[in-house]
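Heads up, there are several structures right after this.
Here come two complexes built around chain A, the first alongside chain B, the second alongside chain C.
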Partner chain A sequence: MQMKIVAGVVACALATMALKPATHKPAVNRVAGGTVAGKVTFTGTAPRMKPIDMAKEPSCAKQHATPVMNESVVTGAGNTLGDVVVYISAGAAPSTPPGTAATFEQKGCQYLPHVLALEAGQKLEVKNDDQTSHNIHPMSKLNPEWNKSQPPGAPPIEVVYSKPEFIPVKCNVHPWMHGYFAVLNTSHSAVTPADGSYSLSGLPPGKYTVTAWQERFGTQSQEVTITGNETAKLDFVLKATEY
Partner chain B sequence: MNRVARQIISFAAFGAASMILVGSLHAQTIHGLPPEGRGADVKPNKSVGRASEGKVEYKRFCAGCHGDRGDGLGENTQWIDPKPRDFTQATFKCRSTPSGTLPTDQDVINTIRRGIVNSNMPQWRPLPDQTQADLLAYIKTFSPRWTTEKQGTPIEIPPETPVTTESILAGRAMFQKFECWKCHGTEGRADGPSASGLTDSKDQPIHPYDFTTGTRFKCGTTNADLYRIFMTGLDGTPMASFADNIKGTQGWDLVHYLRTLQPLRTPESELWKTWLATHANELKPIGPESGGR
Partner chain C sequence: MFAAAVAIIAVASAAVFVSHIWWLPPDISALGLRIDSQITETMIFTGTLFVAAQLALAMFVWQSAGRTSAIRIFPGGPIPMVVLATVIVGLEVLTLLFIGTKVWANIFLAPIPANALHIDVQAGQFAFYFRYAGPDGKFGVPHPELIDEGNSNFFGLDPKNDTAARDDIVSASLVVPVDQPVLLTMHSKDVGHSLFIPQLRLQQDFVPGLVIPVQFTATGIRKTEIVCTQLCGLGHYNMRAYFEVLSKADYAKWLQDQAGQ
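Take a look at the complex of A and B:
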């Protein structure tokens, strides 16, 4: 009897959801749900990162007391891996891009952050905090490729990418400047700090594909099933490619 | 009488015809100059392109370098620097449209006609308008962007301002402020501090333009072409668009200064030389120590 009622309630709920398709989108981000969390580590020998010589740009060189290291592989104690984009690549309900802009800063001739995760359709603002001109050159393949100059004090460059893509970004004037726009079609994403940890929360019950991407070590995907409010543990181990 | 008269008449007719012909040639080279100056590609191509016809012409004239699949990997590509354009990306250097947008049809036609200086792309001016239009129609089949995106709107170029010393000096200040010298060099010799490490979007080494050896620019020869180059940027190369930072007639100041770097007798260089003869000591050199007056 009780089972019948529960089934009826579920059926009603399903029917309501089916009847209101586009107008009422489930607020995926706010609803408490399951969480996928874990650590990203690597096996093998990570390439040694070399210090960057900024002598050609004195205004930037003097901002750094110690030489800045190349950031293409960021590691932590215990072979953890930073700057890895971990995101739900399949299974999540389509999300509307947030109204807030993602910010990509140029400071001390470095990109902050080195890897920026944003959603397709989300506004992106590129700022220049330096006393030198930068040119922002995202070398996209699926989205239109552009290249714009941004002198000191110029207003932020605003852009919207419509297609998901991992876009390498460089400054041609300062060739050591290198970063990534990770344009994703999901709001469930995280960029790991050096300790390799990540957490994707607010996942309604369902089966998901979780993907980890690192600019040098490539991608890895795993499947996970969320049934309620639990936290599923999902670690990634990427294989280091030395060069 | 008949024979002689006929000969005289035909001789006179021949003479008159020659005079008209010479006259018309004369008119074309001197008076027929388009308003933008000698060599400007302002003649619009109104032909309607046919991709099927273009395919045949493409195989004959273009595939050797640009490749059968339009990917820039023709049989000659390995010997060529800079590399031929990859049409599958639909990224074009010479445009009248903002950075990141598709060029207009006429932009691509102009590139076909003009060729690209300092590269292996020759002029294809002798090809009839219809053939050029057919080639364009076929080139467009290599990238879906031509069907999914709208072509860009050409940037506006205001009427050119008079060439004055003040304009050239303002342009020189822009050359310093926007750090053009970082790549193009303090004297436009393409020897700036960032020049040696430049790569294009395919990681191929690429040289900045050397103003002191060239007479033609990559995308044209006129002042308007020069204006267009730094406003639109050359997509796929390190040359960025400055449209966000240079507005309207300000761009003409930079054009006038850039003209003084060229090995040409231009109105700009004549004026500049005269001014420099008496004022050279007022100028700080361009470079990291802030050039100015």
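Take a look at the complex of A and C:
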């Protein structure tokens, strides 16, 4: 009897580990189909990002060998833009939210990732890896707003957003902390790394609207038609504003 | 027994103050000496009265212990006694106020030196931010509605339209050069806060809606902590910043590094 329980627990743990994605990249639909891929770049002058002074929180400051830069505009070589959410905003069949939770971490008084894309109805886990208390305050307008403290070692805060919305997140204890929950009603989404690249795969034939969103430079939408298993190239060029 | 306890407690409490067991950290302010001598005067004045009153109490308790006969009362009964006590204490408070006001006025009503380094201070839940005018020597105009902390715009500056705001330096630490008069203009973004730098003998509240000028001159090179000493909410315990006094050369270098960021 006892052996059975132990075996069951181990099996459950293994299953949980297998289900958990190894990285925080958004889930990719693995069924066959077309792909939309491309790059997000900007024109104009991007604002200068300033270093963040974390002196008031030594336990965080010492985690960073070089000062952390403000992340509201992340750029790469060749005017590429990072932290842009690219997603299918229209044309996709309704999907059921994945069973795995999306994870938003607080580490070194920063949000990891800075922009988290998740599906409406998907479980969201907010973790505190720091030796200091945080206060997570997602400033939602369409979904219920909440504001909770999370001391060091506290269990993850679990929440489910039911409506699509781009929600700015701040910490009421550390004013520089800033991030976004991109709650989408699609499983086809990606958050670009600094090189601006994205790829949305597993799209059945059809006509889609693809939207790119950047917190400072706004949104841009384009249409694309998928006929089979091809990869359609779709680049976005957002207009940067210096101030 | 009670008389002895009262006497011992009174003398022991006074001894703690006389011996400076728990005293303020060393003073590094041009005005600190006057404040310290004022604190000492007040302590001697009130301390003497405290010890005398407690010893008198102990003496009366000791004299009256075990007495069954009627004790002598104050001439005229309790009312003249209360009046006399109120007058004595009132005079004491007024005297202290009179002496203390001179020191206070020297800090808060003194003209601001023309060469004072102006630093704009903003307190908000739960951090201090310090703003320097930058290379152009001019502050940008703050617009509270433009405050956007996630984008490092803690003061609500408008660099798009306000050229003076573009080079403003915002720091999370208060850094000043040694022997330089400094003017702080203190304002709050939200609720009441307080800036306390014991080494400067400086403690001033932030009052929402007011811009409060405070001046000081730091005379020693030091790095210490600023803490908020007005309960301001959940994160009050964590509201702090560094206060750093640098040599003139180090300060110039620090300012240059900040301007380059």
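One rule holds for everything that comes next: the second predicted complex is superposed on the first by the 214 of 243 C-alpha atoms of A that agree within 3 Å, B and C clash if a C-alpha of one lies under 4 Å from a C-alpha of the other, contacts with A are read in each partner's own complex, and residues count from 1 in each chain.
Criterion: a contact is a pair of C-beta atoms (placed from the backbone, for glycine too) under 8 Å apart; a residue touches a chain by one contact, two chains touch by 3 or more.
The structure displayed is predicted, hence computed values, not measured ones.
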Room on chain A for both chain B and chain C (clash or fit): clash
Which superposed partner A:Ser133 touches (first chain B, second chain C, both, neither): both
Touched partner set for A:Glu145, first chain B, second chain C, both or neither: first
Touched partner set for A:Ala154, first chain B, second chain C, both or neither: first
Chain B versus chain C as contact partner of A:Lys50, first or second or both or neither: second
Touching partner for A:Asn70 - first (chain B), second (chain C), both, neither: second
Touching partner for A:Asn172 - first (chain B), second (chain C), both, neither: both
Superposition clash, chain B against chain C - the stretch among 7-15, 25-33, 97-105 or 205-213 that is involved: 205-213
Interface residues of chain A shared between complexes with chain B and chain C: 56, 132-133, 135, 149, 172-175
Chain A - residues contacting chain B, complex: 56, 58, 132-133, 135-137, 139, 141, 144-151, 154-155, 157, 172-175
Residue ranges of chain C in contact with chain A within the complex: 124-128, 149-152, 154, 158-160, 171-173, 234-235, 238-242, 261
Touching residues (chain side chain B, partner chain A) in the complex: 89, 91, 98-102, 145, 149, 177-179, 182-183, 193-194, 197-199, 201, 233, 235-245, 288
Of all residues in chain A, those that touch chain C in their complex: 50-57, 70, 72, 132-133, 135, 149, 168, 170, 172-178, 216, 242-243
